[in-house]
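In the part that follows, the structures are each spelled out as structure tokens.
Next come two complexes built around subunit A: one with subunit B, the other with subunit C.
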Partner chain A sequence: MKALVLLLVTFGLLFAGADRIRAQLIEYLALNLVDGREVVQVYITNERWRASVRPYLERVELVDSCERAQLIFATQVEEIPPQCRQKLIFLTSYPAYKRAKDSSIGALFWQKGRPNIIFNTRKITQLQIDLPDEFKKYME
Partner chain B sequence: MGQDLKKYLYFLGAILLFILFTLILYYKFDQIISLTKRQFLHLKIKDARHSAKVVEETMAREFPKVKEPTAYPKEALERLNAFLSSFIDEEYRYVYIIYQDEEKFFRYLADGSIDPKDRGEFTQKFFPLEEERWRQIFALQKPAYLTQGQIDSLWITYLYPLPLFEHHPTFLVMDISTKAYKHVNTILQNLKHYLESVIIFFGIVFLLILGLYFLIYKENKRNLIDPLTQVYNRNFLKKIEESIQLDQVAVAMIDIDYFKRVNDMYGHHIGDRVLQEVAKIIQQNIRKEDMLIRYGGEEFLLIARKESSDGVRRMIGRIHAMVESTPIKIDGHTINVTLSIGLNEIPHIDKNIFEAIKKADMKLYQAKHNGRNRIEILAPESAKEDPLLSFEKITELIINKQIEIHYQPVYNLKDPSKLFFEALARLKDGDRLIYPGSFLPIIARTNYYIDFNVALLEQVFETIERERATISINFRKSDFLDSKLSRIIEEIISQNRELAQYLIFEILEDEEIRGSDNAFFERIKQLKHYGVRIAIDDFGSGYANLHYFLHISPDIIKIDGGIIRQLKTNSKARAIVKSIVIFSRYIHASTVAEFIEDQETLQIIRRLGIEYAQGYFLAKPSRELAKTKPYKILQSVYANAC
Partner chain C sequence: MIRTLILWSLLFIVGLCEGVTLDSLLNRLAIEEDLSRQTIQESAGSVIVFTREDLDRMQIKSLAEVIEKIPFIRYNENEYGLIDPGYHPFQPATNNIIRIYVDDREIVDGMGTSGLQLFSQMDLDYIDHIEIYFGAVSFSIAMEPSLAIIKLYTKEPSRENANILNLSFATYGTHDFNFYSAQELQDYSYLLYYDHKEVKRPKYFVGTTPLSRDKHIDMVYGKIQKGPVRLEFNLLNGGYDSFLARALSLQPKDPKTYLKNIYTGISYKAKGWKAFSSLSYYNLTIHSRSDLVQGLFPIDRPPYFAPYKEMDLHIHEMVLDGEVSKQIRHKRLELLLGARGRFRHTDFLRNRYDQWDVGAIEYTGDKTLSPFLEVNYLFDESNIFTLSAKRDYVYESVVDNYQRNAIRIGYIRNTQNYTLKLFGIKTGFVPQPILFIEQNIWGKLDNPLDQERAKIVAIELLAKRDMDRYGFMYNRAYYENFIVYDFERKELYNSQIKQQVDALFFRFHHYFDPANKLILRSYIGVMERKKRRYYRGGDLTLYNQLEPFKSYLSLVYRSGYPNLKAGYNLNMALTFEYSRRLNLYLKGINLLGKALRTNYYGFDIFQQRPLVLPNVDVIDRTLWVGMEYQF
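== the complex of A and B ==
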């Protein structure tokens, strides 16, 4: 299990700033993990992340309450209110992901200046999420 | 252009060259930066390779050898992480070991990263940005480097193969930060900015000097260019006098004939336009290297470069013909003007340009005297026949009082006892007599001119004292406006107060008399106070006008010889003379007819009522006062008078 996936984003995103890349990755993940929505509501616990990605989001609405969100990005599971812990959760640090493998469907974090994405295979399967083919190599 | 301006131009040129050189350096600087960066990159790669070899050797010596990465002992991994951490500094941001698994995924074996967020865990997948390139490098198993333009704060990623596992290619990876690169880059960019500052600074200096140059140029131009005609003024002559090579130039004085009439007839506004047009025509007919100077009111000086023996002469002829044949059309008026020109073709015999100009001026004087609208040339051949005197020669004759006075009698047509003599001065150079037209222009506006007139007046007084005869002397208006000369004249008259009644001053008509010439009128009145009589010479020609009669009362009016000569054939001339005679009676002035050259003219002037006659027909000028009178000639006149 314990999928650890690094997503290499090569198309164009690499030439933009880190905040723009982060925003585009969030939007890319949200639109592919949450089906059938024109706009996906996302809750981000980290205020700095929230402020830095907001200007670049187009089809993602940042919400102030986790209850309204379809996808949650949290530094660690403990930051998420209990009533929302069953939702789709992405953790934003590798150590936090390792500590709470059962609670999150993956992680999006920066390591050595490079963006990384991990998909938790067990959780993805459990939730019957159909990942696009290009994501599959990042599952474990 | 002045030497000062040339120096400015040289200075400007030097600055411009410097700016151009700096600009080239500036635009080449990107190449210099690129080259320097490349050199620096090679240095860093070399340094990284050295560190990688240390890692390789240490691992071979101090770390266990296992077949599979997954079999690496935990204790050895911790030591390996710590060992790799020892390489971390400001330049080596991340040092880690990556191997390829069976599925060709990249995974961490060890990571020396100090920050836990950046540290990859054992067997954690690693996805490089340029994945395909990494695969190639891992396949080749050779050291390589990648430039990390995409990752913030990373400059180069250096990969060095480690022979740890038989079936799993393994590389030591070193991420080198941009810190050192940025440091070098900052130095180079600062240098580039310094170059920019130098260019801007010298650009501003250049513009300031250029501005200064134009200000000086404009000021120079304003000082040297006549604003009306846009040709040089006399200041220019002073500026270039020393640089003129007299053996390479010819000098011409050009004067517009009867220009006063244009001013009088059409006004000064039109007169100015005529001057402009004439200047334009002259300029169109001279060459670039010739210099045209407005020398006086309607007088131009041309300093022309001599290229062939008759080149300048042809050019002067062309100017003369062009002005004569070009009607000047201004405000609906068509004005035809002609030029009198004096050309000095041999200025090289003169000591300086001013002496050469005086000789050209003398030739101009001759041209005017010979009827105007003509060119008089001082050519090498004519100079041999009739050499013009040098300034030194004339002054020597004046200092030695080599002045000879010839007296021409002026006869009263009614009373033979009432005659007077016109004093005509010549300079005596051995047997040769020099006439005023040949030397007065040369000494004009010098103290020798005053000395000459003083000597003349003193000699005349000596004759008056000896002969008790009435004698007239020619003076010009400007002589009385010269405070020094007029003061000396008054002193001499004052010293000969009892003889002043025998003296007549003939005021020449070659200078304009204006109503505002108060100083002139005052001095004439002062002289009349001593008993000196005043005659107006050549009345009816030149600048003769009626202002005289408003301010002074002339005793004698000498009618212009040009009119007298036409009396036999021109009824209008007779009418004019008759009118002058009637006018003279009204103002109680006597009339004199000059240029009496035959009996018929003598009879006509008698019939017209003229009182005095003068001319070669009656008597030529002679050194002695004419003791015998031409009774035979005058007999019929006197008989008729009786």
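== the complex of A and C ==
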């Protein structure tokens, strides 16, 4: 019976919509980057993206101000109020990430027609974030 | 026992599916966000999609690999060694049965023929995904009528953000080098692509005469996008060894074709408005000679034709294209209104047969104006009625003008589990300009050609269940007024024989998980002309991923072609992702050497007997190795 439930759940995930998968990605990243929390507070600068993933988040609380967030998703650093620029920042544009490598711990962006992830090795080491093994191949 | 079996089966299937990992989430997002999901128009006909991921795994080397998978169509080449799916000796080219669009522009060769021949050998590394529409295709997809429309979508700079170098080498000395750079910058994005390709193919011999189909192609493509405006350009320089050319003796001496093409276009897309304008220039040279008879040329005294040994053709052509359309949505009504215009001017700089130069040919071009309309009415969320109509005004420079009406009507029912599509279309095919030139040479322009006509009805049922997708299509088509060449009378004419084609198409997709899938396609076509003929075909394709490897395996089957054995084409590709920046790959085409072949025919005019060059491979048995590096 358990196998059947697992099968149905897995099938459900396989063809989920893009918004649901983006929400899962955010949750997966947040829970692995912010240590020891049951629920992680996340701030997303892009309003449309924020609205589209909100219904699917379970262990991530979307907050309306960057001050309350542990992790920030932004297209570029300039969108983030100066007082929050020392927090964990994850960018969603590759050109912006290249411009602001010192400010972000990584980026989620499109490259070669696919969604890609990069973790900023220097920043991750500096902040002593312990990444799971499966994340290591994305470190640059 | 049964419970154990069920449990093992479930565990096996679950094992095939990926758990939730970063990799799997990225894989799923790639599928959900694939660009084809944004561009596909299910209401436009039956459609087969090759996604970005599919093309990457195929390590696709030319459009030929996709064409051979279109139901009811085989990959075939004419006596010039260029693609012609319905090639029949001594008959007009049929490459217009497939039309090619890159984004929204139609690719045409010089002389108004489909860009299939121009495009079929090119590398596709600047293409993101491919959609193939067939059955009764909507005018919103393509203005020109045809049996299949291939839509190629160029890579989207905002999804690339990379500089890619691709190098590959193949058997016989074929090699390809291409590079593209695509970036999204502050307020604009660009894609720049360059390709150099040398295609070396196995030689055939007739007597001691070598027959070559080697080609070299240089191409540059670029596009810049800023908001709703896009500028693009394309430069092409190609040189082709022309195989048999049109040598009746089957022994031409080093025939050559050279083509230069410059294209530039601008398009605008916003708020329901779509507009584009483009300008193309073609410079085409064909030269062919033989120590024996090359062909026949008309003269003004009995027997009114004479053999020639050398022909030389040089054409310049300019094509100005434009289209504007507006989409209006009002409650349940969706309306697309537009018009397209094309102006073509052709100069025959040289048209020489031995010492006879007929350069001052009468054909100088044509103008076409096509207003069109498409109406979609949504009865409710599940039921859509669609109607489209188009009228072409074709002003030819040397023959009667043509007015072509085309109408398409359809109904679509879309539920969570299945989609039903019903379409009917009535259209005509205006003769290609190249045919007027043939007629002109033979002094037969006083015998104008009528347009070919077609009526097609198609019904398609698509169903989904868990990880499976099923599709079933039935298609009946009536064709009349076929343009054929009469070898005795040495002229083209409209055949009075009507042709009926019935076709059944079945497809099945099974997803083991988002990264692993199996596709099965199968068809049978029944053609009734003078006698009944059955065409069968299909393909079985597997796309797999087992990190760091990605693989592609495909078997294509075709049968029913007169005097030819059934063909099996086994293709495979294996990509090794060495790192995020470097991929290495191995690819094999026609690995069994059993793909469908072709016979070529000539004629010995002195001994009055046919000549044949049998069983020529049109899909060469080829092995590629290559690398892709991102920097």
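By our rule, the second predicted complex is superposed on the first by the 122 of 140 C-alpha atoms of A that agree within 3 Å, B and C clash if a C-alpha of one lies under 4 Å from a C-alpha of the other, contacts with A are read in each partner's own complex, and residues count from 1 in each chain.
FYI, a contact is a pair of C-beta atoms (placed from the backbone, for glycine too) under 8 Å apart; a residue touches a chain by one contact, two chains touch by 3 or more.
All values reported here derive from a predicted model rather than from experimental measurement.
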{"item": "Touching partner for A:Trp49 - first (subunit B), second (subunit C), both, neither", "value": "neither"}
{"item": "Which superposed partner A:Leu25 touches (first subunit B, second subunit C, both, neither)", "value": "second"}
{"item": "Most subunit A residues touched (candidates subunit B, subunit C)", "value": "C"}
{"item": "Partner chain in contact with A:Phe90 - subunit B first, subunit C second, else both or neither", "value": "neither"}
{"item": "Touching partner for A:Gln111 - first (subunit B), second (subunit C), both, neither", "value": "both"}
{"item": "Partner chain(s) touched by A:Phe73 [first = subunit B, second = subunit C, both, neither]", "value": "neither"}
{"item": "First, second, both or neither for A:Phe119, with subunit B first and subunit C second", "value": "neither"}
{"item": "Common interface residues of subunit A - those touching subunit B in one complex and subunit C in the other", "value": "4, 6-7, 10, 14-15, 18, 93-95, 109-114, 116, 137-138, 140"}
{"item": "Residue numbers on subunit B that touch subunit A, as the complex places them", "value": "93-94, 105, 113, 116-121, 124-129, 131, 150-154, 175"}
{"item": "Residues of subunit C that touch subunit A when the two form their complex", "value": "7, 10-11, 13-14, 17, 19-23, 25-26, 28-30, 32-33, 35, 52-53, 56, 128, 155-156, 158-162, 164, 183-186, 466-467, 511, 513-514, 580, 630"}
{"item": "Subunit A to subunit B touching residues, read off their complex", "value": "4-8, 10, 14-15, 18, 93-95, 98, 109-114, 116, 137-138, 140"}
{"item": "Residues of subunit A defined as touching subunit C within the complex", "value": "3-4, 6-7, 10-11, 13-18, 21-22, 24-25, 28, 93-95, 109-117, 134-135, 137-138, 140"}
